[in-house]
Amino acid sequence: MRKRLGRARDTLAANPTATAVGIFGLVLLFLVATPASWQTSTLRLAVPIALAAIGGIFAEKSGVINIGIEGLLIVSAFSSIIAVHRLGDGGATMGLSNLWWGLLIGVLVSVVVALVFAVVCIDFKADQIIAGLAIWLISLGLAPFVSRIVFGSPNTAGISRFGNVTIPGLSELPILGYLLFDTEPQVYLMLAGALGGWFLLTRTTFGRWVVASGENPKALDTAGVDVRKVRYAAVLLSGVFAGLGGAGFALGTLGTFAGGGDTAINGRGFIAIATYLLANYHPVGALLGSFLFAGLNSLQTALQSAGYAIPTELIRTLPHMSVIVVLVLVGRTRLPDAAGEHYESGED
Amino acid sequence: MNSGSGPMPDRIRRLLERLIQASVMERIAISVAALFAAVLVGGVLVFISGSFASCRSGLDVAGTTFCYNPMQVYYELFLGALGHPLEGGWSLTNYNLATTLQQTTLLIFAGLSVAVAFRAGLLNIGTQGQLVVGGLATAVTVVFAASIIPSGFVGTVVLIPIGVLAGAIGGGLYGAIPGVLKAYADANEVITTIMLNFIAVGITSTLLSWQFQDPESNNPRTEPIPEYAEIPTVPYIGFSGGMDFSLLALGFAIALMIGIAWLFARTSFGYELRTSGIQPAAAAYGGVNEKRMTVASMTLSGALGGIAGAFWVLMVHGSWLENVPSIGFDGIAVSVLAGNNPLGVGAAAFLFGILESGSNSIGTATDVPPELVGILTGLIILFVAMPEFFRMIGTRYIDVRPTEPARTDGGRAPADETTEDPRGADDA
Amino acid sequence: MTETESEAETGTGSTAGSGQTGEARTDVETGAGPTTEATTSSYGEAETDLAVHLDGITKRFPGVVANDNVDLRVERGSVHALLGENGAGKTTLMNVLYGLYEPEEGRVVVDGTERMFDSPRDAIDAGVGMIHQHFMLVDSMTVAENIALGDEPTKWFGMAVDRARIDREIRELCDRYGFDVDPSATVADLSVGVQQRVEILKALFRGADVLVLDEPTAVLTPQEVEGLYDVLDELTAQGKTIIFITHKLEEATHAADAITILRDGESAGTVVPDQTNKNDLAERMVGREVLLEIDSEPMTTGDTVLSATDITVEDTRGIEAVSGIDFDVRAGEIVGIAGVDGNGQAELIEAITGLRTPDEGTITYDGADITDWSRRRRIDAGMSYVPEDRHERGLVMPFNLVENSILGNQRASEFATDGRIDWENVRDHTDDLIETYDVRPPDPDADASSFSGGNQQKFIVGREFERDPSLVVATHPTRGVDVGSTEFIHDRLLELRQQGVAILLVSSKLDEVRALSDRLAVIYEGEFIDVTDPDEITEEELGLLMAGQRVETDSTGSSTAESGPGIRPDAGETGDDAETNASSNGGRSR
Amino acid sequence: MFTLAAFMVRNRRQFLGGAGAIGLAGLAGCISGFGDESDHAVQIGTVYATGGLGDDSFNDMAKRGLEDAQDDFDIAITETEPSSESEFESAQRTFAESGVNDLINCVGYAQADALAENAPDYPEQDFIIIDEVVEEDNVRSYTFGEPEGSFQVGHLAGLLTEREFAAGDGETIPNESVVGFVGATETPLIESFEAGFTAGVEYANDDAEVVSSYVGEFNDTAAGQEAARTMYQNQDADIVFHAAGRTGIGVFQAAQDEGRFAIGVDDDQSLSNEDFADVILASMVKRVDTAVYSAIEDTVNDEFEGGVERLGLDDGGVSAVYGDTLGDEIPEEISTQIEESKQAIIDGEIDVPHEL
């Protein structure tokens, strides 16, 4: 059973065209068969998952498993809102809307936290899983801590959100028009991030170094490339993507950040990890995978208000259950050979 | 404890001493250093964040007003948790200390749960979920059993063990799920346990609203267990019942802690578990069925988490409530700080008990947000995770470089192991 | 300090002059007469003719001197062998040349210019390429991606990798040196021989003039080795300089223009093959005369202990690694399995010892069908197993010897009652093992990781042999073990055989399996291509068999008849094109 | 930088002094540091509900009551915001144990169980609880007529949904009579909001349909947004009422995005959330602040007594308040009807259900 699934998977991997056609067909089916509100809400809810997953791909491909990506989402989300609030909601600074400044600052904060994670994992050789958990826990505490200082409450104040950006002409297209060309900036960021991530990973020098660094760092090292730098760059890049995801979600969808409990991110970073494992580290695959999980999330809302008597709490766990089902059916995605291991030049 | 073997022979004592000196001392040093580093970073954070807060009187530095005094925060955190022993009118059995020890007791169980899995090489992030499920199992079982078992002393003696057992079984079964998924479907346990934490919340609240909700209450909670089924306090010397802490529970936790330590050190199962954790291939070679060991250690880990839930119900609340506090996540911090050593879990649990209870004092006695404690917890884990950092600092000041054994025979010297892959095909 | 000193030297005098200084220092410090003699007498060209000159290199690791004032002079366009035992410091020296290690003392001169290599990058830029013993290839990437790694030409202003150009350049290189490598193939799918060629291409792609090959033949079949020699000839003909590391006398004398011998981190002289003989080389290498003689008296064999019928095993990737193997092992008999690594030995042994479930076939042990038995039951039934990988399997590295001494026996009644381990007993047992098997240092409380490979192996062998087994499965029991320990382990194996224990021995060392085995099976692509009498087969024949070439004159057929159906009737089909086929069913050792 | 260093030195000297013979005094001097608060006549402790401050409704209303009292009386305030129900018991107890609080405010029905357990243990300590009844001598319970208030806004929604109405950023869908309700948790209290609301809608218009959704949390704005958006887009709801604390902010966001209306709760949310004033038709105001203020006033005047106080439509404890921006645009014939039904409820002519 397992083997057969594994083989089916290999077959898929061996026929990228067929796989692509298949996925495209499924997407098409989804577009035709579901209401528009569900599709747009799926797109919006996919933003933090997809971008965090793409970031996670880079870190893990380079050999650093970044389980702290949930933490990066949290810090970027709340710091972007605080930034907008401080700069002045609805205003602009130096000709740029404060919302965009908020996005920049959210990304920056996420990168700084990713840098801490990188130093700890790469230079101080911390166990990556433990360090990632620590980053998560620190962020869980930091979000309400900071917003309590700024707002006197674990929740931030509300701010205005990104509006739709309509691309003339293209937005007139059926279905794709309202989905892809008349939507919010963070959705464009997500789509661009997936394509850019794919290009970076598969077509550029850096992408090849990232892959080599995760599969066989020694090979990269002996080829004269500094593994340490590549891993740093990859982890920081995961900070950039997660930052875009967290800040984009906060500024585009949330408009405010609840810092209590699991915070408003509520485990989306962990779902992102499951997403890229499911997508076998393919950035565009991660985008499609995030639609799956986000779609389940909006399905839950849709089912409920449609009056189906499924217990709310149970419906809410649908995405989490499907992560497990997916992991079990797909089996363990082959991690990069050197993922989780420290590498020091000159070591054998 | 080991009744058959007579007095502990010298050699074994020597072995223990060496073990302690070699690795345990270093671990303790690193844990203590990590604690200090976290406190230091946290202090800086508190001080700096004080410049963003508003207050009537603060410290003015270069035009900026700093509102928070880190010293005061830590004073409240650490001494507040003990009931301010340096101030007048202190009694040993005070409420704050009771809260600290109550948290310590729960964290010992949760920490042991995490430690057992980590030692087996399984990153069980799911203690929280196992605790939630185990707690509900306890509450429901005790409420049901109370209806058929006489009340009073008999009820206490029968119901408490039944409740703890129910928690252990509930948590154990829930812990076995990721074990089975890992062993037979190769599903990464870190992801599955995190997801199962979310699912545990969903399932338990569904069960609650479907069947077990206390009709008397507006809160999502089960029917309260009878008072005689709560863990009794020790008369005269103990803390009073209103403090929701019993020395008996702490005693049980410590006994369990020693039991797990003994399991690791002195039993075949413990040996196999540790071997599986360090080198799964060697364990398989040594006749350990990896899959079964994975399931067994996850089950044991889950059972310990379930016991934590049981005590949360039986000692603290007298019923199961939705939104269980994050004892299970704190258990990870406890175990990591303890280096996954069962005996270390006791000390680490006490420290985190202080943090938990001290956060109340921070919240009431200072203006600093009590969420600081969550940040401190994360920082401690972060620093413990990077022993290399402290080794680097250590070697800068003291020469503690381990003495590498020189070439001991005509064979391959250790240094060559670093230059040539030891698994190499070296035909002589 | 030494570095500034040598830099100062370069600054003042000519390079040749500074070389002289280095040699003088050698004399004073080591007093190694023959070293200097050999260096100067047989190989005294001016430094400007040298492609590489390593001058007085000293490299220390904590507690050990890996290279002690070593000199190496390599003439341009020559093949130079660096000969020495394992642990003599050959790889360390080459890592210095490649910029992976920084020497404490000495100079690195490449192409007449003194260099300071901080990283492999610097070495690459100076035209030094290295082909490591364990290939530095990313298995999941294609040949082209691997070759260009770290040196990718780009297009679109550096935005994207110029893949077309990489392919073009690789084709050009292949044409020039006569390689047949497909740039778009995935490395994981290639045979070891082809992977090695990819490594060589990788160095050439970077414009290497000096190629360092670390133990290039270790994983090759004899036929692949011949192919490698041809490649080396082609390279030197085009003006490249080759340095190859080896511990095999044959190879050094056969392929090299000059040989430098290392012993215990020191240079034991440089010689020209024509002017020396193997005995001399061996003596320089080992420091004493070595004779690998094993006294294996024929034994009267007893009952069949282990019998395998039609065993088929798939490897972790689901590819059939062992295809229908039959054999049996009797009490008091050593059955050897020879073969190039990765031809299914590992999977076969794992199936027998219970670490892997065979997909087909039955295994009987002492008459009982144990095919479905767990590893635990097999251990309890008296099966001992010296694993191939002592660091992953045989020992728990962070455990001390006391804890390691019961690995596999942790539930045996001898050491544990009702699941409780009696550590006192275990400690006595450990002390016995240490004494009997001469494990040094004799410290039961030291971590396994702190022992040398030889002592680790002696400890494992001791633990497994002292279990009172009726069957011993030993895989590569002397791999990476020094000569003294090797002899000891061989003696113990023969002793066990004398006691009537059935022994299954897997080794890639031809002399070892030939000398020890009573019957010898040759495994190729998961099948026993032949079962022979080791005394009647020559090393050449054995080499051919290991490469999948059936011996035409089947003189050994009679011996196979009595040992059961050892040859698969259809084995011959696959025999011809060894090199290209070796890859197809995952025949890699890594 | 220099002053910072000086501060450190001073602190250390104090610390060292503290370690000396006099000891504790020095240490105390060091730790008390800055941010001291002077003594006040009366000290009030407040344990908030789990949504925490910043919910722009329930907790913030209680806070407003505190602040109003602080303006009028000499009181000191200590607060704590438990993040889950299981923390209430220890939070209340911590305040009670400290012995310095003259009154402890327990905000929210969820604290009732914990208070019922704690109050008898501290007979000298005064408590109040909002939204639930705890029958102890030292507890004053405040309850509100939520169903009645909800009935009022339901009546408003029912009247508006069937007619063509556009104001601010929103407009109704006249040919579809659908309104929505978003609740936080499926508990009797929140369900009583829905019960009253539904009754009000039906009172206005028998054909109108009420769609409802429970998000499960008081502070999940994203879920609140999705729930409301689904109602607006898929079910053609044009007015959504929420009783979900901070989650309700998501309802406002959705209303704004979709150009529909929302009804706030607890506070006049068109004032507390100005950003959404252009979609907030009205709010079901619940004067938690009045309750808190009156309890503090009684404590200061030493007149505090236990018992149950019920605040309803008649005494302004609950009321439907029109949005600050949109209120003026609501047609008079509608506001007249609302006024009539209010009187009818007060007079007992309309019986508002308290359960679904």
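Letters are used for the chains, namely A, B, C and D, taken in the order the chains are written, and counting of residues starts over at 1 for each.
Here, a contact is a pair of C-beta atoms (placed from the backbone, for glycine too) under 8 Å apart; a residue touches a chain by one contact, two chains touch by 3 or more.
Computed from a predicted structure; not experimentally measured.
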**OP:** Please give the pair of chains with the highest number of C-beta contact pairs.
**Re:** B-C
Subject >> Distance from the mean Cα position of chain D to that of chain A, given in whole angstrom >> reply: 35
**OP:** Averaged over CA atoms, how far is the centre of chain B from the centre of chain C? Could you give it in whole Å?
**Re:** 46
Subject >> Distance between the centres, which are taken as Cα means, of chain B and chain A, whole angstrom >> reply: 30
Original post:
Among the residues of chain A, which are close enough to touch at least two other chains?
Top reply: 154, 261, 313, 316
**OP:** Return the residues of chain C touching two or more other chains; collapse runs of consecutive numbers into ranges.
**Re:** 95
**OP:** Name the residues of chain B that each touch 2 or more other chains.
**Re:** 209, 323, 417-421
**OP:** State which pairs of chains touch, listing all of them.
**Re:** A-B, A-C, A-D, B-C, B-D
**OP:** Enumerate the contact residues on chain A facing chain C in the complex.
**Re:** 3, 6-7, 199, 203-205, 208-209, 211-212, 215-216, 218-226, 337, 345-346
Subject >> chain D-touching residues of chain B, taken from the complex the two chains share >> reply: 55-62, 66-69, 71-72, 75-76, 86-87, 95-96, 99, 209, 217-221, 242, 244, 316-317, 321-325, 360, 363-364, 366-367, 370
Original post:
Can you list the residues on chain B that touch chain A in the complex?
Top reply: 49, 52-53, 123, 125, 181, 185-188, 190-192, 194-196, 198-199, 201-203, 205-206, 209-210, 323, 329, 332-333, 336, 369, 371-379, 381-382, 384-386, 388-389, 392, 417-421
Subject >> chain A-touching residues of chain D, taken from the complex the two chains share >> reply: 50-56, 81, 83-84, 180, 186, 211-217, 219-223, 225-227, 229-231, 233-235, 246, 249, 253, 273, 275
**OP:** Would you tell me which residues of chain C are touching chain B in their complex?
**Re:** 61-64, 66, 85-87, 89, 91-92, 95, 133-134, 215, 218-219, 247-248, 341, 355, 374-376, 378-380, 385, 387, 389-399, 402-403, 406-408, 410-411, 416-417, 419-424, 427, 440-441, 445-446, 450-455, 478-486, 508-509, 589
